[in-house]
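The two complexes that follow have chain A in common; it is paired with chain B in the first and with chain C in the second.
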Partner chain A sequence: MTSHAAREGGSRIDRPPLKKRLADASAPYLYTAPALILIVTVMLVPLVLGISYAFRDIQLLNPFSGGFIGLDHFKALSQDQNFYRALRNTLWWTGWSVLLQFVFGLILALLLDKPFHGRAIVQALVFLPWAVPSFLAGLNWAWLFNPVVGPLPHWMFALGLMSEPSNILSDPQLALWGPIIANVWWGIPFFAITLLAALQAIPRDLYEAASIDGAGPVQRFFSITLPFLAPTIAITVLLRTVWISNFADLIIVMTNGGPADRSQIVASYIFTQAFKRLDFGYASAIALVLLMLLITYSMLIVVLRQWLLSKD
Partner chain B sequence: MASIDISAIRKSYGILPVLHGIDLEIRDGEFVVLVGPSGCGKSTLLRMIAGLEAVTSGEIRIDGKRVNDLAPKDRDIAMVFQSYALYPHMSVAKNMSYSLRLRKTPAEKIASVVAGAATKLGLDPLMERRPRALSGGQRQRVAMGRAIVREPKAFLFDEPLSNLDARLREQMRAEIKKLHQDLGATSIYVTHDQIEAMTLADRIVAMHGGIVQQVGSPLELYDNPANLFVAGFIGSPGMNFFEGRYMRSGETASFALTGGAVLPLPSTANLPDGSRATLGIRPEHVILGAEGPDAMLAKVDLVEPTGFGIIVHLTLGSVAFKAFTLDRRFLGMQGEVAVRLPVPNLHFFDEAGRKV
Partner chain C sequence: MTGKRILAFLAHRLAIFAYVVFALFPLYWLLKVSVTPNKLLYSEGIRMWPSRTSFEHFEFVLRHSDFPVFFKNSLIVSGSTAVIVTALASLAGYALSRFGFRGKYWIVALMLLTQMFPLVMLVAPIFKMLSPLGLTNSLTGLILVYTAFNIPFATFLMQSFFDGIPKDLEEAAMIDGATQFVAFRQIILPLTLPGIAATLGFVFTAAWSELLFSLMLISGNDAATFPVGLLSFVSKFSVDFGQMMAAGVLALIPACLFFLLIQRYLVQGLTAGAVKG
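The block that comes next holds the complex of A and B.
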């Protein structure tokens, strides 16, 4: 507008003063500055700092550490058998936790979608585990698995699943299953809540039309419920996978990665390196590898989703 | 194709009764319209025939076979919903073939039946589209296509045109009627729109408060309504009602309107002397600009031209009523006008609202 007027008039008088032009040009930057500064300080600075640790020798108890060491941490990491076991355990932990949480969450959501007497109270109760702090949940389950104070080993012994009432958390072969069971208990409500919301958004008359068209309950589930839930399932499974693979609380509380690092996942291994051995540099290097793996996974999912959408 | 027999059907939700004993026989190939205001139970009755609502008591028979306890899929009926209820993640072709695919019909048969229905409904260019890419009228057609590919025993329509605009509704109404003439399928159609009921039905079932008020051909209901409800519900603009007292003296009688005017009647009706009654007359039967001894002066309140004719709002005494005329002379009418209520066109209803 102003430049247009200036061209038409051809005189310098039409041009607004320098101060006004400066203010106009800088206005958008000034408006966005507070948000940008906040994002940079809160998100980017810690990220860059953390990444830089991965290339430096930072040990909390060694005042002479702190120097740049290049890729030394990654070389050490490539020969670290504990890291590879933690990586395998992460797959195991994440896979079973997400799968069981999803399956039980879906079953629960389908049950809660049917009207019955006292449904509101049952719904509220079902969502309770989600409100329990993860450390409390971990302690609780650790005690349940403990044959001295908890009933579970005795029940499993009585059912013939165990040769003696022992603690599975101290069995190297089974230790990871303790936190997985606790995690499933703790995470079912998340899937139940989100899937129930998606279920309730499905128009009821579609089910009626399908039943008149001749579909039984199983056919209705596969031709109506599942297609409607698919987007929600995709996004919740993606979210939970990233979340659970980073989620070390239950393992730290229940087994502390033991016995003999057998239940260590990458996230808990990072925690152990950083806060038990106080080697921040090595911990940051592991964290960077985990970050790369998760970014790769997310990208694959996004690409897969795009491909599915374009195929449609 | 099949007959449908409904006997002594009742429906209650908890302690709340919504249908009080419905009896209805629908003949093979007949087009029956259930009509009534919202909440009269017409949709509930239709959903009970479809098997979407449980029957509290009574019996429904399709083709002579009791279906009370059969699941919807085993009743061999098709239904068109008000919301269309198309499967949004399937193409038009998939929507129409869903029921056939569930029945494991051979692929060639499905293709030919679906193609035939698509041609009949003018859906050929749309077969690969998703429902959200269709207009309201097209979705309505797909919903009907989904119903006709199965060749079911009966078609059920639950207010199928309510979501369309007026012009499209008129067009689809004619298409449904044509389709019924082609297929000759037993059809039950629920609507609250009495024009749809009048134009489509072989027989109309007028319902109110969970009770069947009258069953008959459209013109029977129009010309000879069984009670005040049917008289008021069928016809637009609706029938005029005047409350008053029936007076009888020997062979002659008269009707004293509540407003004070007295209408002489040459013949007697089957009403006791001095009883309260309601007189009804359709707006098109009111004669405007009348002369003669039985003409009454009415005040003109409002004149509404509809293009086809003119609706005149009048007040006689203190009772408001309407007249409908095709005569454009009355367009600029003001003040008072002489009206006559011709006796052959009068309907009398007793105190309980029954026609006498």
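The block that comes next holds the complex of A and C.
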């Protein structure tokens, strides 16, 4: 569309009024063209290719691969115990990460909402983890959990939570908790920043009126603060849920899905299949299933929202 | 002050203190191990500060490892990505802010779509596409990929900054005979400088932190970015914690610098930016 409009504009140079009209009509497309071309070639085309890979046998190191194999990948996937475990782990990982980030983020936002001496510096310090690159946050926590250089196993041992100072990242039962804790540390500021911005938009006189009417702090929180925050909470929790369920960096850095694929989530499992086994077909099939699940989730949310709105 | 209010005051300060400790402790530990001499690393394992400090790890990392190369690569990739994305997103964001046109709805829908699907889906197809073009294992390839990934978000960000500037300004200039592009370049862009700086910063950090695609697309040391270099360093020298953490401290510096610059604006104006993380 863009090039079409531009070409027409160029060929009618001898007729100023029409040329001017065409130039005006094509202007928005000229402004957006470079961005659009990049998005289409580097994101949309690979997305379509990736969907087609899900039905083909594509292995990077095997020159004879590439043929269409129909639903074979999905048949294999339905038998793949590691995939089901990754699916359960995704729920566990996303649920706990979002819940803890939200609860601690909300508390932090409430603490920072009232003015106190040194608030600016405190705010800068508690928001700092958000600026740490995710791979570095992962490495940093992996080191803290490592009994050789990190203090955490020794502290847990001293508190009687562990029979010996060992690394929870190499414990099949506990390994996923390492990345979850790192994720909570890294993500609290995000919730705190968003919720603090929403808190500061609540008109102050509401609180004054409520306390004149004799409402205590708890009552004020539930009848003023929470209803005002509800829309922000809903949108951030929903967006974050999708984002965190796809967020594989911490897991890849800290446990690499191990030990024995016990801490693998679907996103990290896709990456492992593509990166380590170079089985692009199978990786794309898992990715397609993940995409379907996310679309279903988003549809559910939309339907739920419509239902809630119609009830009012 | 009544007893109850003093108690509330103390609880508030204590909670704040706990948050500060939780936020800073991991970074403090990183710094601590990076200045602990190897001899003391194991004997003084969980002491809060070593009895003697040294900068030997930093010296090793800067002089005898490939880290300066990784650092340079990351700077080139993140810097170029930030500049290209901001330029293209300014154009696109201006169009979305100022023009009403038929394709607008579809362009916005396309950009929103790219924010919805998991990027990990694209790891395999992008590798397959870039490999015959010779763009794997190259910084250009990474810049291309990161630029595309960051454009949609940066466009929305720039659009919101343009929306905040009154239309009368460029209309006045156009009545005086300037074309719209001249008005955009000479009047509107200078007014959005803070927005441009914020966009540059966000894109730079996003590119600086990206891990999965640079792991997939880069294999040798020559084109390795910081995340890839640090990870390969970790798996290769997994015994030398001091050196790894010194490298970690170095990787932290650009991120912290950027954060100090923008943190004042975080709560006031950049909630839109925070939504992406």
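Here are a few things to note about the model shown:
Criterion: the second predicted complex is superposed on the first by the 269 of 312 C-alpha atoms of A that agree within 3 Å, B and C clash if a C-alpha of one lies under 4 Å from a C-alpha of the other, contacts with A are read in each partner's own complex, and residues count from 1 in each chain.
The rule we apply is simple: a contact is a pair of C-beta atoms (placed from the backbone, for glycine too) under 8 Å apart; a residue touches a chain by one contact, two chains touch by 3 or more.
Since we're looking at a predicted model, the values are computed, not measured.
When the two complexes are overlaid on chain A, chain B and chain C sit side by side with no clash.
Contacts of A:H154 after superposition on the shared chain: chain C is touched, whereas chain B is not. Which of chain B and chain C touches more residues of chain A is settled by the count: it is C. In the superposition on chain A, A:D205 makes contact with chain B only, not with chain C.
Of the two partner chains placed by superposition, only chain C is touched by A:L108; chain B is not. When the two complexes are overlaid on their common chain A, residue A:G216 makes contact with chain B while staying clear of chain C. Of the two partner chains, chain C is the only one touched by A:M43; chain B is not.
Looking at the shared chain after the overlay, A:T194 reaches chain C, while chain B stays out of its contact range. In the superposition on chain A, A:P227 makes contact with chain B only, while chain C stays out of contact range. Taking every C-alpha atom of chain B against every C-alpha atom of chain C, the smallest gap after superposition is 8 Å. Listed in rising order, the residues of chain A touching chain B in the complex are 203, 205-206, 208-216, 219, 223-224, 227-228. The part of chain B that touches chain A in the complex is made up of residues 50-52, 71-73, 77-79, 81, 83, 85-87, 89, 98-99, 102-103, 146, 150. The touching residues of chain C, when paired with chain A in their complex, are 12-13, 15-16, 19-20, 22-24, 26-27, 29-30, 33, 41-42, 45-46, 88-89, 91-92, 94-96, 99, 101, 103-104, 107, 110-111, 114, 116-129, 144-145, 147-149, 151-152, 155, 180, 205, 208-209, 211-212, 215-216, 226-227, 230-231, 234, 241, 244-245, 248, 251-252, 255-256, 258-260, 263-264, 266-268, 271, 274-275, 277. Of all the residues in chain A, the ones that touch chain C in their complex are 1, 25, 27-29, 31-32, 34-36, 38-47, 49-50, 53, 58, 60, 107-108, 111, 114, 116, 120, 122-137, 139-141, 143-144, 148-151, 154-155, 185, 187-190, 193-194, 196-197, 200, 236, 239-240, 242-243, 246, 248-249, 252-253, 267, 270-271, 274-275, 280, 283-284, 287-288, 290-291, 294, 298.
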